Amino acid sequence: MTVNFALLGAGRIGKVHAKAVSSNPNARLAAVADAFPDAAKAIAAQYGCAVKTIEEIEADKSIDAVVICTPTDTHADLIERFARAGRAIFCEKPIDLSIKRVQDCLKVVEKTKATLMVGFNRRFDPHFMGVKKAVDDGAVGTVEMVNITSRDPGPPPHDYITRSGGIFRDMTIHDFDMARFMLGEEPVAVSAHAAVLVDKKIGELGDFDSVNVLLETASGKQALISNSRRATYGYDQRVEVLGSKGMAAAENQRAISIEVANGTGYTRPPLLDFFMTRYTEAYANEIAAFIAALTSKKPASPSGRDGLLALALADAAVKSVKDGRKVKVAEVLG
Amino acid sequence: MTVNFALLGAGRIGKVHAKAVSSNPNARLAAVADAFPDAAKAIAAQYGCAVKTIEEIEADKSIDAVVICTPTDTHADLIERFARAGRAIFCEKPIDLSIKRVQDCLKVVEKTKATLMVGFNRRFDPHFMGVKKAVDDGAVGTVEMVNITSRDPGPPPHDYITRSGGIFRDMTIHDFDMARFMLGEEPVAVSAHAAVLVDKKIGELGDFDSVNVLLETASGKQALISNSRRATYGYDQRVEVLGSKGMAAAENQRAISIEVANGTGYTRPPLLDFFMTRYTEAYANEIAAFIAALTSKKPASPSGRDGLLALALADAAVKSVKDGRKVKVAEVLG
Amino acid sequence: MTVNFALLGAGRIGKVHAKAVSSNPNARLAAVADAFPDAAKAIAAQYGCAVKTIEEIEADKSIDAVVICTPTDTHADLIERFARAGRAIFCEKPIDLSIKRVQDCLKVVEKTKATLMVGFNRRFDPHFMGVKKAVDDGAVGTVEMVNITSRDPGPPPHDYITRSGGIFRDMTIHDFDMARFMLGEEPVAVSAHAAVLVDKKIGELGDFDSVNVLLETASGKQALISNSRRATYGYDQRVEVLGSKGMAAAENQRAISIEVANGTGYTRPPLLDFFMTRYTEAYANEIAAFIAALTSKKPASPSGRDGLLALALADAAVKSVKDGRKVKVAEVLG
Amino acid sequence: MTVNFALLGAGRIGKVHAKAVSSNPNARLAAVADAFPDAAKAIAAQYGCAVKTIEEIEADKSIDAVVICTPTDTHADLIERFARAGRAIFCEKPIDLSIKRVQDCLKVVEKTKATLMVGFNRRFDPHFMGVKKAVDDGAVGTVEMVNITSRDPGPPPHDYITRSGGIFRDMTIHDFDMARFMLGEEPVAVSAHAAVLVDKKIGELGDFDSVNVLLETASGKQALISNSRRATYGYDQRVEVLGSKGMAAAENQRAISIEVANGTGYTRPPLLDFFMTRYTEAYANEIAAFIAALTSKKPASPSGRDGLLALALADAAVKSVKDGRKVKVAEVLG
């Protein structure tokens, strides 16, 4: 079986998914849509697919699935639209910045029984998958604590900050999902500290650039997330799971594994410093998993609910910083 | 100049300090006191010093300094007594489990102008000293975040739990001191999560075995501390300092540095699993620093105030867990 | 400019090159030939190229370049044939197992001024390229010593042994090339020890499975090569360059970078254990370098002479083992 | 039982052994002799022992054992003298630079049934001991290959070179012993390459500064030794044992285990750069092993024969370089 795809949104991340779909033997990129015709045409030229409008894609019964890479504020509408049109949907995170909106959207998905997968790409990184597998195989015993260090090489542009929903909903959300993925039990409460240490302007825009978060589950399992928008040594992405029998940890990634030694010491190169380079394999695995779910008629994961719960943790963290207290996830889920 | 020492308390940690004093070319172990005569005699036999009572030591004008290794609830009394007797004092942490009592004690120390050093041995670990030096040398730029992972190989005996003051005052207190040491700015607020995951009995005794703490300073600098009373792979002691220009980190320690590779992978031995083995050099360096302070007439560090402030962070963490909110250090300092 | 390629030989390594050519934006796979029609057809189907005979390819003036992946004993003939036909040639190593035959072949290449590149893929491995770049950038000063550890996960099939030319010409030849690449000066003498330690049958077939080689250049620079046909922990591929100012080294590669810690220690996964997985990027870079040489009209490297000199070192090693003495490369070059 | 020691030779290495003897609970440093009275007096003052002449020590029946740290050309005479005087002998390597002289000396030792231990300190390094233990425990299966990289931080003074016996007898001799220790089977043949790359003056003095050696045993087991008199990054001391089931390796040592990361990469400090610092524990363990052998009446190891055989490998290496061929150990043993 070959799954026919349409790509909605031909920007940076759209290109990544276009490549992943085209390279997959069980999929075909049939159409692309973008508000900027040139962007769509470039994809079409490279992969030999048609440029279409959203409406045309919706009407084209030969399209089995859509990949939504449009701006965040269009995600929920598009999900609902294509769910109603009976298509499988892969949507980049987040579904929306409003929990209420996400909840409404997921009701439509549920009602239409549409397949929806949300783009938490890191679950598909081979190294994090390796840790998860070790955990599932019992290598660490009962999971007790998940420690995540996640630092960007540098802050995003200021105009991005203003529409990102803030660091918790934009950056930490990946770590919230990773914590949930590794904990194997739902976090129920959140404490967060937040500061502006990297760039004052970020503070003036109402956001933070350095945050730390504690999570706990009903049974007391713990997670820590440490974020900074600056790491001069590259894109620092570490996950560590402690359990009753041991610990499993994923190491950082470099472009080349060499070491130069001299009188000042032994030096290895800095880390990969761009999320697309760091997560190249994760993006490919992610789309492959979506396709595999469709062809095997199994549920796609991470699901819309995973998207909702990561957002809830972000909202709880925002509230925790504001109120200076531990916030229950139930408070923000309404 | 040779400093004449008396050792108060000839138990496990007393022996460590007796050896450190005896090995130091600028010091002499002159006397030892212990409620158990046999313990004192053993030290006396090994190092050729006299067994004396506390009173005799207090009266012996040839004694320049005392090392207090008696039970915690005697520390403050002994500090006051020997401060008034004009002696220099090295006291194992904590000064007392009550902030009020510590504050009163420090008033006596201040009034008598006695030299008091508190035993936060980890500041003298060569690896943590190396990180601190890198930080002081500007290798990481302005310090922004301190991440501490500190896990014991296994929980202490239950009867110890009951008189330890709880995990924050007993175990995390070392990490609070380390955070202060590395941050270079005083933490002003604390959020903590705590759980019983290792041993239910610890919970029944009113304590926790798995805790995580966030600290922040007035300017927003951040610290994270992650503690567990169990790590099957050894005594996990990591410190990492992130700054505007980079990161400095201390690695864990093993007894031997070998690696065995076969079909299951590359395996290095577990970590050193006992604090005395792990911190052998730290204990020696610590007493050497105390002696150096005395012979050079410079202030001893860490000071009584360092002891007080670490305890305050512990109390704030206790309160944070209890109240489910961020607690200001000022609240507990009264 | 687009380079039109024909692939000669559609076996395991032929498929690798077919993919590399097809993925390159400056190249097109136009034709494929193989003695087994099904093998050729499979490549043709996958990449949309024509199945042709060697004769047809030779006659087809639209073909700019050939990639020779046929059995070793056909390499020299095919190189001569396509050199005379005015085509650029990429040939898998070795050119031939006979030095005399290689020398005759290279005379034809020289006379016809054909472009010939020999497939020493490891020069294009990102990690070894990183070491080479560090060396060229002066990071180690004047090169003095090159230490190469190169171990296969397990021995090849017995029937392969008999036609491989022996371990020095089949396996060590890659290390001879790497030593030459890193030394930056021609080795002039070789001492080798060889043993059968892994599989007695290999000895019965007249070959060895465990060999060590010393090389030296005219100025005294040194190289060491250590080979084994068995490494239970994976494909062990290490290169280290020592110079007057320091050392540069390439580390081994794993599929995933994780570590699991427990009471038995810290364990990382075994190494990648298959040359095609280990050198995936090297193979792609190699063909890209060949295409770049063609489109930029620059000499292709490694050249036919590089192929000859690596073979000469292998022959010298064989002679060294046989005669129990240091053998000059000049002795075998005739 | 307490073993009474006399120290012969109060120089650099004599001080190391004086400290080791004095710290051992089963030993007492009773006397010290040195041609330079001040050197002997310094040791005597520090450890409270008597300054005596060689004759007085020989005559003093209360002395159980001597530690010989005098110049190399006096070793054999002193061993014979104290063997005849019925004392146990620990002698720094080498016994002598002449195989004939060593053989004659060992005949006296054998005849007198004296206990003789030779100072190959590296066998007592905890890391190499760890590798040896792993090998003995079967972790690597049948040993096939031992790879030793051993590089000094910098060359010794020129006047030392002239009396050292040359790099093979002075520096490589430790690696020859280590290879024998790890192989578990006697090497029977040696091939060596040698060059002057670090300091031309060393070449003018008739010695080399960069050498590589291959060893093989009767059953074909292999060893490689790679030496340089210069490593800008510290004292490089690596040992690796490959066997049928895996590999065991000892890592290099640093004074502190920290890492600093920034835009230029991740940097760990250089290695320990002085043999006394690098092998502090080895020296202490070595004397402890000698004392343990005496108090338990067990044979001391490494023995005089171990000293002889390491020297024979050195002589064979010298001959191999001179003759340009593989040299059998039997050729130099006479």
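For reference, chains read A, B, C and D in written order, and residue numbers begin at 1 within each chain.
Rule of thumb we're sticking to: contacts are C-beta pairs under 8 Å (C-beta built on N, C-alpha and C of every residue); 3 or more make two chains touch, one makes a residue touch a chain.
Because the structure is predicted, anything quoted here is derived from the model rather than measured.
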### Message
Between A-D and A-C, which chain pair is linked by the larger number of C-beta contacts?
### Response
A-C
### Query
What is the chain whose Cα centre is as far as it gets from that of chain D?
A
### Query
Between chain A and chain C, what is the separation of their C-alpha centroids in Å?
41
### Length of the line joining the C-alpha centres of chain A and chain D, rounded to whole Å
58
### Query
On chain A, where are the residues touching two or more other chains?
232-233, 245-247, 261-263, 269
#### Entry: chain A-touching residues of chain C, taken from the complex the two chains share
126-127, 129-131, 134, 139-140, 245-253, 255-263, 269
### Summary
The residues of chain A that touch chain D in their complex are 232-233, 261-270
#### Entry: Touching residues on chain A, where the partner in the complex is chain B
142, 144-145, 147, 149, 151, 189, 191-193, 195-198, 210, 212, 214-216, 220-222, 224, 226, 228, 230-233, 236, 242, 244-247, 323-326
